[in-house]
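Same chain, two partners: chain A is paired with chain B first, then with chain C.
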Partner chain A sequence: MPWPTTRRVIGTKVQRLDGPDKATGRARYSFDINLPGMLHARILRCPHAHARIKNIDSGAAEKTNGFRALHIIANAGVQLFFAGAEIVAVAADTEEHADDCLHAIRIDYEVLPHFVKEADALRAPDGPSTVPGGTPNVRPGGDFSTAKFDDVAYEGTAPRVEGTYGVAIISHQCLESHGLVAQWDNDLANLTVYASTQAVPLTAQALAQNFKLPVTRVKCITNYMGGGFGSKFGPDIQGIVAAELARKARAPVKLMLDRAEEVAVGGQRPSAAGTVRIAGTKEGDIRAYEVDCYGSPGVGGGATVNLGFLPYVYSVPNIKRRHRFVRLNLQTGRAMRAPGHPQNCLLTDQAVDDLAASLGLNPIILRTRNLPQNDQNAVQNDPTSFPALRHTIYTRQLEIIRKLCSWDDRWHPPGRGDGVIKTGLGMALHTWGGGGGPPNPTRVTVSSDGSVLVQSSTQDLGTACRTVPAIITADILGLRPQDITVQIGDSTFGPSTPSGGSTTCPGISPAILKAAEAARDALFAAIAPGLNAQAADLSIDTGHVINRANNNARIPWRNACGRLGMNTAIGNGDWPTNAQFQQNPDLRREWRGRLTNNGVGGVQVAEVKVDTETGVVRCTRFWAVQDCGLIINKLACESQVAGGVIMGVNYALFEECIYDRVTGRMLNPDMEFYKLGGIRDMPDIMVHMMDMPERGVIGIGEPPTISTAAAVGNAVFNAIGVRVPQAPFTPERVLAALANGRKRN
Partner chain B sequence: MKNFTYFRPTTAEQAVALLENRWGNTELLAGGTDLHDLQKEYVAQPSRVVSVTGIGALAGIRVDEKQATIGAGTKLAAIAEHADLRRHFPSLCEAASDIGGPQIRNMGTLGGNLCQRNRCWYFRDEHTPCLLKGGQRCYALDGENKYHAIFTQGRQCVIVNPSTLAPALIALGAGVNILGPKGRRSTDLAKFFFSPANANDREHTLAANEMVLEVTIPVRNWANASYEVRQKLSYDWPLVQAAVAFQGGRNGAKATGVRIVLGHVAPTPHIAEAAMKALEGRDITDANATAAGRAAAEGAKPLSQNAYKIRLVEVAVKRALLMAAGMKRYWEM
Partner chain C sequence: MSDSKDKGGLSRRGFLQGSGAVAAATALGTIPTGASAGQQAGGNGQQVPGMGPNGVKLSLNVNGRSMNTTVEPRVTLLDALRNYLDVTGCKRVCDRGSCGACTVLVDGKPVYSCSMLALEARDKPIRTAESLVAGAKLDAVPEAFARFDAQQCGFCTPGFVVAMKAVLEANPKATQAEVERGLCGNICRCGTYEQMRDAIYSLCNQQRRT
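The block that comes next holds the complex of A and B.
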C-alpha cells in the first residue's frame, strides 16, 4: 500500500517533539551522561606532523594524582603521520587529573619530514614521500576525456574562458564532539556505551568485534546527538580506547574529544582546486569543459576527494578532466555533508557564471539552456525517478526562484553599480541521491490505555528524525504526533541504516508506515469480534475508530484500545530485502518509486554586499528552492534547508583550516580563528519546498548545502565584476582580486 | 591544568602583597576569560592565583564634570551600557560592546582587557616554543601571519595587542592608576603598553607585583569614534581598528588636538603621529580624512601575508574620523 492520499499530519508543519527539551537543556546528550564512579579519559597525541616514536616512558603518569588506568595505543617504533595521532590514553578521577597524567608521560620522537600544504607537495612531485608505505604524496585521481576532445571541443565556440577556483580544507566542527561513555557490567560480560554517533547499531557491532563479544552483549545508546555531518560512523579510536580503559579500571569511563581535538582529528573535508577552461556558442550552449584539478584527502588514500563528476549537473558534450590526490600529513579526510558535491559545484557553477559574463548573457538564461534532459529510458521505466524528471524539475525551480528573488529586477551585469558597497546576486544548482533502503525494522505497539509506542534503533543527528515516527504513526492511527511515544537510538531495537547520504528519513519512513498499518490492523483484528464486526468494517477517523457494521459508530480511540484488555496490538514493518527486490520488479517500483525515491535537484540564489574598501563580504539574503518528493514534516524540511544554507555561507565566507608549514601543526583548532558565523552574519533565508508526493520520501539532509558557496561566489563576482578564486572569500582575498582587476583594466 | 593555590583577598593592598616580583608563578585573576584558557592549554602554569573578584572597590564607574573614572574590575558589559560614558565617549562604549560575545562581556573586566595576553596562534599553542615562551624564534615572522603586525620595525615578536579598549582610551587621553608594593603611581595609558620579546616580558609595563586600579579619562567634549574592520559581526577580533578623538571638527570648525590610535597592527596600540599631524588644524572632509588614513599607514612594514592591512588602516582611519565628525556613514550596508 502506498502513502495515504489524504494526509492529516504528514506534510504539515510539526514542531519537533524534543524541541523544548533541547531548548531548555533537559535533553541529555552523550556528552552529558555522568555515571556514578565515572572516570575521565584523555589521549596523548603526537605533536609532530610526521614522526616515529623512539621511546614511551609512562612511569610518572601512574604516580600522578587521580591516575586509574593507562592504555598504549601506539608503541615505540610506530610511525605517525599527522599531528594529533593517538599514542597513549589515560583514565583518571577528573578530566584535569587525566590531563596532568598525560603531561607526566615522556615520549621521544624521531621527527620526519612532512607536507601540510597542497602547493608544497605539488612542487615536490618526486618526494620525499611523507605518507604511509613510502607511496607518492601526489597520485593520479583518474583522468577522463570525451572522444577527440582536442579536435572538436572548441569548434564553433566563442573564445574560451579560463578561471581558477578552490576551496580550503574545512572541519566538521560538530558542536558535540566525538566520543562516548563506556560502562561494563561487573563480570565484564556486557558493555553499554553512550555514544555520539550517526550509526547506533554499527557502533555496537564494531565494539563487539573489537572486544570479541557476541553483538547481543554490546548496547549502544544515542538519545540525543549534537551533529556529525558525515564524521561519526563508528566508535573510532577514542571509543574503543574508552571501553579498554573502562575494562582496565573496572569503572565507567567518559572520553569525549575537547575542541582542539575535535577540529584536529574529528574529521575534515577535503580541499579542492582546479583550473577550468569552459567554452560555449555565442547563443549560450556550453560545448566544452576542461579541468585540471586536485584535492587533499589528508593522509588517506583519496576516496573522499571525488572530483570525478566534473562538470557538475549541466549537460556538456565535450569534457576533459585531469584529477590528482595530494596527500598531506593531516588526519584522513572524512565524508562531509554531500561528499564531493560542494567542491564539484564550486568548480563548475562559478565557471558557468564566468562564461555567462564573457558571452554577455544573463546566467539564468545560460543555465536554462544547458540543463540535463529528462532521460527517455527512465521516463518509460521509472517515471518518478530523478533522471526521468530532472529537466522538468530544474526548469520549474528556475522559474520559481526567478520570481521568488525578483531576479529580473535585482540582477545586473557583473561589476555594475556605484558606491563603495556593491550588491550582487549569484546562482548555483545542485543534485543529490537521498534514497533509503533496508534494514530498518520498526515496531509500533498500541496499548489498552490508547498509548502508542514506536521503536527503531535509528538516530536523530539533530535533524528532527525523532519526530518522523510520531508524524507517520499519528497520521495512520488518527492521533496527534504528541500522542506517540518514540524510542530511538538504542541498538537493542535491531538493525537500522547509518545516517549517511541523506538516507535516514527515506529509510525509516516506509518501515514506520508498514508498522503503523500493521499495528492498526492488529488492533482491528483483536477488537472486531467484540464489536460484532469484521476487521474490514473498522477504519480510523481523527481520534476515533469507525465501525461500519454498526451505523458507522464512532468509538473514541481510548475506548477502542481498551477492548484489548491484557493484550497489546503490535505491528512490525520493514523493507523487503535486496534479494526480494531483485526477484520482484513490482516490489522495487512500489518501494523505490512510490514509497521512496532517490535523486533531487535544487536551485539557490545568494545576495551579497561587498565593501570594496575593506574586502568584507556579507551575505544578506538567500533563496533556496528544493525538491524532496513527499514531505513528511514541512517545518523540519525548511529547517534542514536553512541549516544547509548556513553551513554553506560559513564555508563560503569564513571557514578554513590553517596549518603551519614549519611545525606541521594546525593553528586554529578552535572557534576563534576557525571562524564560524553567528546569527548576525547569516542572511535572511527564504525556503521554497517543492512538494512532489507522487515520488515518495527522499532525503533532504545534504542537498541544501551543496550549491550555497558557489551561489555566494557568483554573487561576489556579480557585485564586484572580478572573480575571487579561493573560498573562503576573506577580506584579503577580495582586496587582492579587486587589485588584480584594476591592474587588468 | 596545573594545580594552583587560590587566594581571594578583599582589598587591593592585600592582593598586591600576594604578588611576586617576577612573572609566571603568581597570576592575577579577574573575569578568567583569558587566564583560564591559558591554564587549560598549559601555556600559563601559575602555582598561585590571586583573584581580584573579592575586592568590591575595584568595580565601578564615576563620571563628573572633569573626568570619568572606571575601576579595573568593571565588567565590559557595564562599560558598554553606561549612559554617561556613552554620551562622552562613544568610541569606548562601541569598542566595549563589540568585544567577544555577551558571555565574554559579562565576565571580562577593564583591567583584564588592558592586561590580557596576545592572541598569536603560535604563542597559544602549547607545543610551539615561540620567543614569548622562552624559545629561539618567532614562528609568525615567515609563517602564518595574516592577523599579525604590520608595524614590525625592530620587533622580534610580531604579535598585535588584542585590546580594543586601549586604542579608544589612548585617543581619549586616558591615564591609568596602578598599585604596587611601594604605593600608588599614575601613568598615561599611552605609555602603559610594551612590545614583548621574551618569556620575561608582558604586553604592558606593569611590574609583576603591580596591579591596575582604575583608568581615568578627561571629560572635555571632544568628538571621538572607534571603527573596526571586522570579517564577522559576531564574536570576532577586528582585523584593524582605528580610534580617533579631536576638539572641534564639526559644523565647519577645524579639528585640533587630533589623536589617532590604531589597534591590531602592532605589538602595542599604535599612535599614528603622522596622521595626527596631517589632520591637525584642518576640516574633517572626505579628502582630509582620506589623506590622514594614508598618513596613518606610512611606515608600515608588513609581513608575508598581511599587506592587506595597510589598506584597512587607511579605510579605518578615514571612517573613524567621519564618524567622529558626525558625517554620513557611506559604508553602512
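The block that comes next holds the complex of A and C.
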C-alpha cells in the first residue's frame, strides 16, 4: 500500500475546505454554540499567588437575579498555589447575571508567602517552600557530563566564551479560550459537550471517567477550534465544572474562559535561562559546551521544562550540564508548540554565534563544521530515518538558505555598519520528531450517487487537517477535494490520536489512504460483475472508472457508482497495532519508513534593523527552509511554516508574562500589554519546502517555530555587535546591552 | 508597535479613540432615547431619559434584518449579537478593544463591538462577516482569504475580513500599504499575515514577488 507515484492532488496547493465558512463567520466554534435554554457559567478564582481558604459565603449569590446553580471547586481549608486557582463556579441565565452572582460571593483567605520570579526563588534556597507538599521550590532537573569533562574539554581550544541567555515565560494566548458547552439529556444518562480541544476522544473519555458514565454515553464535538498550541488536552477543571453545573441546573451550560482567565490558567510556556561556556578550535570545531541552566514550570512538576537537549542539534564531544527546575506560584506550564525546543535552541545557537565571533569566523562555516553526522547504523537499517539523513539534510538546507538569502552578500562581521539604524543577519537550526501512530480508524463511504464521505474523530486546530482526508481520498478516487465530504471532530467516530507533537497529519494520512483504497476496491468488487469484468480489470482515472475488460471503456464516476444501487461501498483503514509492529519489522518499515516518518531538520535566517537610539528591533526579512517528507498540501504546509516563524518573532521581540513580585499577580493578562505583533510588525517571509516524498508523511506544525527566536537574537547581535542576553529583545534590554557594551570598551 | 505613527487610515489608536468616546458618552448618561426607558430627574429639573438596570427592548438592524431582543444597558454590542441574537461571526477574544476579532461595521465604519454598548447601535445599520456571503457567492475579500489560505484556526479571520472590507469600501483604490494599515487593529495568533499579504496584493491588483 505505497503512496501513489503519480500524485494528482497530494502535494499540490489545495484550498482548505472550510476556508469560506471561516472567513465569513459561518463556521461555528465551541464558543459560538448557543443552545435553547442555555445558561452561562463563571468561575471565582483566587486573587492571591498562595493562600488558604478560610471561609466561603455564597448565601447572597444564590439570591441574585437569574441564579441557577453553584458548584464549589475548593472548600474552606484548601490551600491554593497560584492566582487564578478555581474556587467556586456559578451558572445563571445570562452572562451578566453570572457576573453579578460571582460578585456576591465572599471568600476569606489566609495569605501565604509566594515566589513568582525565578531569581527570587533561586536567591532563597532555604527559604519557605511555597509549593505543594512543602517540597523545595528549586529542584535538580538532571545533571549530565561526558567523561572527564574538566580534564579534557578545553584541551587545544581557543579561549572559551561565556554568555548568559534567557527567555521569559509566555502565554499560549489561544484566541478561542478554553472551555466547552455541556448538555445532558433529560434523564442525565448521556452527556454531550462542544469543546475547544486538541483531543476529541480523550476529552469524552475524561468526562466519562469523572462522571462515572460508560464512555459510549459521552459525546465530544469539536467542529472548529480556535487554536490550542499544546494547551488544550482534555476537559480541564472548567470543562468538568460546566458539566457539573449543567447537571445541577438541568440545562445546557456554556463555560468559556474570559481573556484574563485564559492567560492565568490556559497554559504557559516555561521560561529558560542559562550561563553557557563554549569553546572550539581556531578552525571552528566546537569542543566543549558547558551550561548551568534552569527554567520554571510554574507550580507543577518539572516535566514541561526540558533543557536536556543542550547543546541542541550540533555534535559536540564534551558536554556538561547542570539543570534545575524553579517552581513558582504560577499555573503549571503546559506543552507549547515544540515544548522545550525553542528554549534549547536559544541557549545553544546564540552561544554558537558568540563563539564564531570570538574565533573571527563566519557563523555559517561554524554551523557547517559541527553538524551531526549521519548515523551509519541507521543508514544500514533505516535509510529513510532522520538519523540516517540528518547530515545530508542540514547540509542541503544550509546550501539552499545561503543562496536564498544571499548570505555571502548580506552577512557582515558583528557590529559593523555606520548610522543609527543597524542591519544584521542571524541564523539558527532546529529539529523535531513529527511521526504518527495508531489508532486512527478512518471510514470512507462511496454512495450510489457518487458522493463520498470520510469520517474520523480527529480534530482540525487550524492546520487544515480537515482538508487532508479530502486530498488523499480525492487522489485515490480520481475526484477533486471539494467533491469529498469530510466529517471530523466527533468522538462517536471512534478513537484517534490527540493533536500534539505534530503527529496528526502523519497519524491520519496512511489510515485515510488505506480506507480510500479499500472503498475503491469495494466499489470495484460490487460493480465488476455487472460490467462483465473482474475487479482487477477496473481502475481509476480522473472522474472515471476504466474497464480494461471492455477496451478500456471510460465510465463516468457517477455512472459507475450508480451501479451500487441500494448499496454503498465502504472502506475502513487504520494503522497496524503496536503489537503487530513488534512482530513484523517489514510492517514497521512500511508504515514508519515509507508511508510516514519521524524527524525533520530546519534552518532559518532573520534580518533585523535595530535603532540604536531607541532600542527598537524590527524583523524585516525572514527565510525558512524546512523538510517534512511527503507534502500533502503545499499551501497549508507553507502557511504552517510562515505561521511558526511569526510565532517565533513574537517570542523573540514581544511576548512576556510579567508578574508582580509583591502581589504575585500577573500584570498583563490581556492583549494590550501582553504584546503580539500585528501585520506591520512582521517580516516578509520566504518559505522553502524541501520535498522528500520517499520519506513519507511527517508533521510540520511545530518545527518551524523553534529556531526563529534564536535566529532573531543572532541577527540583533550581528547588527549591534553586543549580545542582548534576555528575550524578548525589548527596546529597554537592547539599550541596556548597548550601554554595557560601551562600558566594556 | 507599528501603528503608533500612522496618519490617516484606520489604526488601533483610531479604534481606541472611538471607543473612548463611547465610554465617556455612556458615563454621562446621554444615551438619547428609549421607548421603554424609565424617567430620571436631570440636574436642571428636566426629565432626562434613563435606562436599566433591568432589561430594555432593543431592536438592531443586522445585515439588513431587523432583530429584536431585550438586554440590560450594560450589554455590549458584541454580547448582544453573540449571546442574544445568535450572530456569532464576530468573536469575543480580548473583550477590551485590543485584538479586533469582534470588528463589525456600524454605519459603514469598523468598530470594536466589544467596546460599544448595544443600545448605542440602535437605528444604525450593522454588518458582520456573515453579510459577505450570499448562498455560495462569496464577496471578494473572504474569497481572497480562502484562496490564499490567509487563515488557520480562523478565530480572528472574520474580524480581519470586516476590517479589510472597510478599508476597500472607503477607498476601492487603496494600496497594499493602506490596506495593511487598516489591519493594524487586528491580531492573529496563528501567524497568517504572510498569506494575508498575498490576499491583499491580489485585492489591490498589485504584483507580489516578481
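Keep in mind that, in the parts below, the second predicted complex is superposed on the first by the 745 of 745 C-alpha atoms of A that agree within 3 Å, B and C clash if a C-alpha of one lies under 4 Å from a C-alpha of the other, contacts with A are read in each partner's own complex, and residues count from 1 in each chain.
The criterion applied here is as follows: contacts are C-beta pairs under 8 Å (C-beta built on N, C-alpha and C of every residue); 3 or more make two chains touch, one makes a residue touch a chain.
Small disclaimer: the values here were computed from a predicted structure and weren't measured.
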Touching partner for A:K675 - first (chain B), second (chain C), both, neither: both
Which superposed partner A:E96 touches (first chain B, second chain C, both, neither): both
First (chain B), second (chain C), both or neither touched by A:I421: first
Which of chain B and chain C A:L667 touches, first, second, both or neither: first
First (chain B), second (chain C), both or neither touched by A:T542: neither
First, second, both or neither for A:G615, with chain B first and chain C second: first
Which of chain B and chain C A:Q376 touches, first, second, both or neither: neither
Contacts of A:I658 with chain B and chain C, given as first, second, both or neither: first
Partner chain(s) touched by A:N34 [first = chain B, second = chain C, both, neither]: second
More chain A residues in contact [chain B versus chain C]: C
Doubly contacted chain A residues - partners chain C and chain B: 96, 672, 675, 677-681
Residue ranges of chain A touching chain B (in the complex, touch as defined): 47, 65, 96, 99-100, 103, 419-421, 609, 611, 613-616, 618, 620, 653-654, 658-663, 665, 667-668, 672-673, 675, 677-681, 730-732, 735-736
Chain A-touching residues of chain B, taken from the complex the two chains share: 1-3, 42, 101, 119, 121-122, 125, 127-128, 139, 143-144, 146-147, 229-237, 239, 305-306, 308, 311-312, 315, 330-333
Chain A-touching residues of chain C, taken from the complex the two chains share: 1-3, 12, 72, 74-75, 79, 82-83, 86, 88-99, 101, 128-130, 132-133, 138-139, 141-143, 145-147, 149, 151-158, 161, 180-181, 183-197
Contact set on chain A toward chain C in their complex: 15-16, 18-20, 22-29, 31-32, 34, 40, 94-96, 173-177, 224-227, 229, 258-259, 461-464, 635-636, 639-640, 642-647, 650, 670-672, 675-682, 684-685, 687
